[in-house]
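Following are the structures in question.
Same chain, two partners: chain A is paired with chain B first, then with chain C.
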Partner chain A sequence: MKPKPSRSLIALSTSALALPGISVADAPPTQSTASYKISNYQEDDLSRSEAPFGDLDRYDIDVHQFKLISPVGRNFSVNIDANYETLTGASPWFTSVGLDGDPDVNLSGASGIRDKRTEVSIGARYYLENGSIGSNIGYSEEDDYRASYVGFSGERHFNNDLTTVSLAFSHSADDIFPTDAELFGRVISESKYSSSAVISVSQIINQFSTIRTAFSTTEQRGFLSDPYKLIDFRPDNKTQLAWSNSYRRFFVDRNAALHLNYRFYHDDFGISSHTIDTSWFQNLGRNYQLVPSIRYYSQSAADFFTNIDDFLKPLNEYQSSDYRLAAFGAISGSLSLVANFGNWTATLTAERYVASDKYAAYKVNQPSTALVKYNRVSLGFDYSF
Partner chain B sequence: MPLTLRRLSFQAMGSPCEIQIYEESRISAKKITQILSSEVSRLERKYSRFIPKSFLSEINYSAGNSMGIKIDKETRALFDHALSCFEQSHGHFDITAGVLNNIWDFQKKIIPTESQINELLPSIGFNKLQWRGSRLYMPANMTIDFGGIVKEYAADAAARLARKIDVQYGLVNLGGDFAIIGPQPDNQPWPIGVADPKNRKALIAKIDALEGGVASSGDYERYFAHQGKRYSHILNPKTGWPSAGLRAVSVAANLCTVAGSIATTAMIKEESEAIKWLEDSGLSYIAMNQNEEIIRNGWQEPSATAE
Partner chain C sequence: MSTARSLVTIILAVSLLSACSQVRPWERGYLARKEMAWDTDALESALNDHIFFSKEAASGGDNAAGGGCGCN
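Now for the complex of A and B:
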């Protein structure tokens, strides 16, 4: 048995690890990287017994993502992100009581939903001696939705770069103008605004492990209801708080890394949630990496959640049957294979997600029948030049 | 193409250097070595005390200047590490003792007079450095010498750069200071040997290392004998005289820089204190004392298969 490392050894290791050539501190990218990723997200269809009327198909979404990051001069980098999504399918329009007394789901119109979303954002980052500052602006458009946002962030390294504190602020303004509004008696045009702030602290414990903790708060105001639901009336103000923690550890002898994350969330709609996920990044030879991940999520229901739309309730009382406001739990597992060849990196990911009231850690008074299960497959390419 | 061990040599920091990596193509191995050796020469051009235009020479030129000199982040981190060496060694390892190199000439074997030494001692002492923000103010006549730090740091920096450009299996050797990029394929360790100070072709010990670094300090070539005592080129900042403790020491640690700091400190201390220092560190070491006796912890006898 070797004796424990002495205080001298710890002190010398700490100061040596802070040397820029050894430490893992921020540096502007030295290469340009372009990446492209296509994902397909497919929800499991409902069965006829769950939805007696309307379409049985749920959402099928294809996502194309393009990203370019490039250094400019010694201390500056710029990035451009573009996303294009096409979406087909139907989402629940209202829920009603079936003949057996259980809630049924009615999916929206026979033609279903067909939409596309385009998003572009550009950003710039300036690297200082002890940190970096950056800003980005973005714009996103759908047939019935428009959002523009702006964000600022800064980070500073302390304690010989072993500690990093970062702050970020963002603001977004969204306009909602539902399609076929007059036909279905939907709202014609509404807006909503969100502002958020995040503070995070990360600490390098030694050359193998790091921890990070972050607090974020988001304030939303405006139209927060779902315009496509026949009955959906939510408060026009929402405050969200989240506390996120992560731990990373590299195992030299296994040539692998463990990532462990926990997040607690609470908002004043009454929803609290816990998320725990873990991933194992296993390097295989010099060109491949296999990443199995597992995630558990559970939330409590919003105060005004109902699994059966109450058409008799006064219109000024809050209610929503949106499954995302129900109490439920979800388990998902994914497997990624990363392959590196020269300047190219390819990533193939398959994911299975199942939400159910059976997995809930919180008490489920009213189970939602619209909880989703989906498979997601994505393939991405990165190219450095 | 199968993974093949590629060995590429170059000259830097006044020493023969070698990078060993497992690569499929000879051309990409060559490209990688060029990237790594240019990082080593960047640090040499910046911190060599023998290059008049190096940043270290500029720093030394600023001694006594009331304007001070602006220190960049990397150099500041080296000073911070040097402070850690100074504190942990209780002042034995002091980068501000560079001025002693001016009066001790190991090639010509010239011994300075006691008064020459006493004249210089006031311009030595890490605690005499003054900082205001990123500006450093050095007392007149002080000279900084990053010996025992920069070559080791360069080995670690080259190894880290190699990992950053996805080299998995490799070893950086800068004149006997080793930093491991990653183990040999199939997680095999790199055997690192220590040559006998009396016979450079024979090994006296070896260690199998999967990660981290190995650094050595010794008086193999640069030493002289005076009145029956053997003096190494490593100078004791407290007395102004060369140390006469251990003859050579090699240390394995999590980083080559850490190994170098522990080894250099051990060389400056008296023998018994040096052995205690090495034992307390908890690291694997091998040392040779003035009587050519070997003291070791964690190092193996060289096997018959070693070169």
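Now for the complex of A and C:
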């Protein structure tokens, strides 16, 4: 006969389970937490061989993020999120055939683009005996883009809280109103609508490991083209499917945790992709943590992708030279240092991202010349009170 | 169709796992650690989602989509 655990041990374990690590016996967070993160990421400039004329400077982006989550009473929590982003630089405008027969890219805006993005969202969550339900609304605005969105989610625990099933739905209504529309013959004003749904199942495997699988679908309709490209005509409907899987394991002898994630994606533009990423959370003493991460991504090309714009093609036939619709692969690696001091946590992260057709897992029929590389540095603080 | 079949297979496999593993609440201390969370840093995840959304075609998976952006 197994010895029964003491009441104090059960109480201790139960309070530990209120931590965000595992979803059992749902309860609001025990403390309020305010978080702030400042980030800068800078895309590598193009080379003169890739863009024979005009600017070579690509985007330089600063991001400020703020989050506050706070318990309200015994069964509620509320959260508010705010982001502010500024960008300068230039993006691909059109592609043409070079003297060597290879595609050349031409960047927009000789004097560069300047834009800013502000986003605010608020949410609330109600905690039940065996789960929780929540909702959020948000608004995002740029000089040429506006998005309003709403989301609902719920989760329920089964099987002695070993299994959790979650459902989430969201809808976004976006307005696009490009700058200098009349000057460059761009659309004046267009709309786009996106609806998505996610179902996920997570399972505790043993004392040290958990697994989760999730399936999401997103339906987009409206203006899905890029208004700033000289030529860009895409279908006005897109269905996206994604299947993601996550695994977490704690290694007691190493005092470290392994994160492993894989996602398969497919949409009816003809693009499929694989994403795999892994992180190692190494605790160093009581106050520090080092987190190296690596990610691999690869996608196939959209059915209508072209790496050289065809100006003679009928305007009602789909085509786009957007590098995000090309076949390519991308490898990124990052390193984070986390320091905990009392109620404060500081996190410093450095990341390098490189996209290339050489890394593609799918066949590359038309390599894009505009694939992106960037460096990112972030510094974040969390304060619990 | 094959994706849907794979999903059903995984859900069944996960369900079967529950039959062979009983982890009592007081045995879940390691699982409750912050570094074992699905999402250890909400701001970092949101930032990565936003950057990858603006550089790659794929999105979605774990979370319902938020608002779009004019990320060109």
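By our rule, the second predicted complex is superposed on the first by the 359 of 385 C-alpha atoms of A that agree within 3 Å, B and C clash if a C-alpha of one lies under 4 Å from a C-alpha of the other, contacts with A are read in each partner's own complex, and residues count from 1 in each chain.
The criterion applied here is as follows: a residue touches a chain if its C-beta (ideal position, glycine included) is under 8 Å from a C-beta of that chain, and two chains touch if they have at least 3 such contacts.
Quantities reported herein were computed from a predicted structural model and do not represent experimental measurements.
Within the superposed three-chain model, A:Tyr228 lies in touch with chain C and out of touch with chain B [touch as defined at top]. Of the two partner chains placed by superposition, only chain B is touched by A:Glu129; chain C is not. Contacts of A:Ala370 after superposition on the shared chain: neither chain B nor chain C is touched.
In the overlay built on the shared chain, the residue A:Val63 is in contact with chain C alone; chain B does not reach it. Judged by the touch definition given at the top, the superposed model places A:Val252 against both chain B and chain C. Comparing chain B with chain C, more residues of chain A are touched by C. On chain A, the surface touched by chain B in one complex and the surface touched by chain C in the other have residues 5, 9, 12-14, 16-17, 19-22, 160, 207, 252, 283 in common. Listing the residues of chain A that touch chain C in their complex gives 5, 9-10, 12-14, 16-17, 19-22, 24-25, 35-37, 39, 41, 63, 65, 67, 81, 83, 91, 115, 117, 119, 121, 138-140, 142, 144-145, 147-149, 151, 153, 159-163, 168-170, 172, 174, 176, 192, 194, 196-198, 200-208, 210-218, 226, 228, 240-246, 248, 250, 252, 256-257, 263-267, 269, 271, 273, 275, 281, 283, 289, 297, 299, 302, 324-325, 330, 336, 347, 349, 353, 355, 372, 376, 378, 380. If you check the complex, the residues on chain B that touch chain A are 3, 39, 43, 72-74, 77-78, 80-81, 83-85, 87-89, 134, 153-154, 156-157, 160-161, 166, 168-169, 187, 210-211, 253-255, 257-258, 261-262, 277, 279-283, 298. Those residues of chain C that touch chain A in the complex are listed here as 3, 6-7, 10-11, 14-15, 17-18, 21-44, 46-47, 50-52, 55-70, 72.
Across the interface of their complex, chain B is touched by residues 2-9, 11-22, 129-130, 160, 207, 252-253, 255, 283, 286, 340 of chain A.
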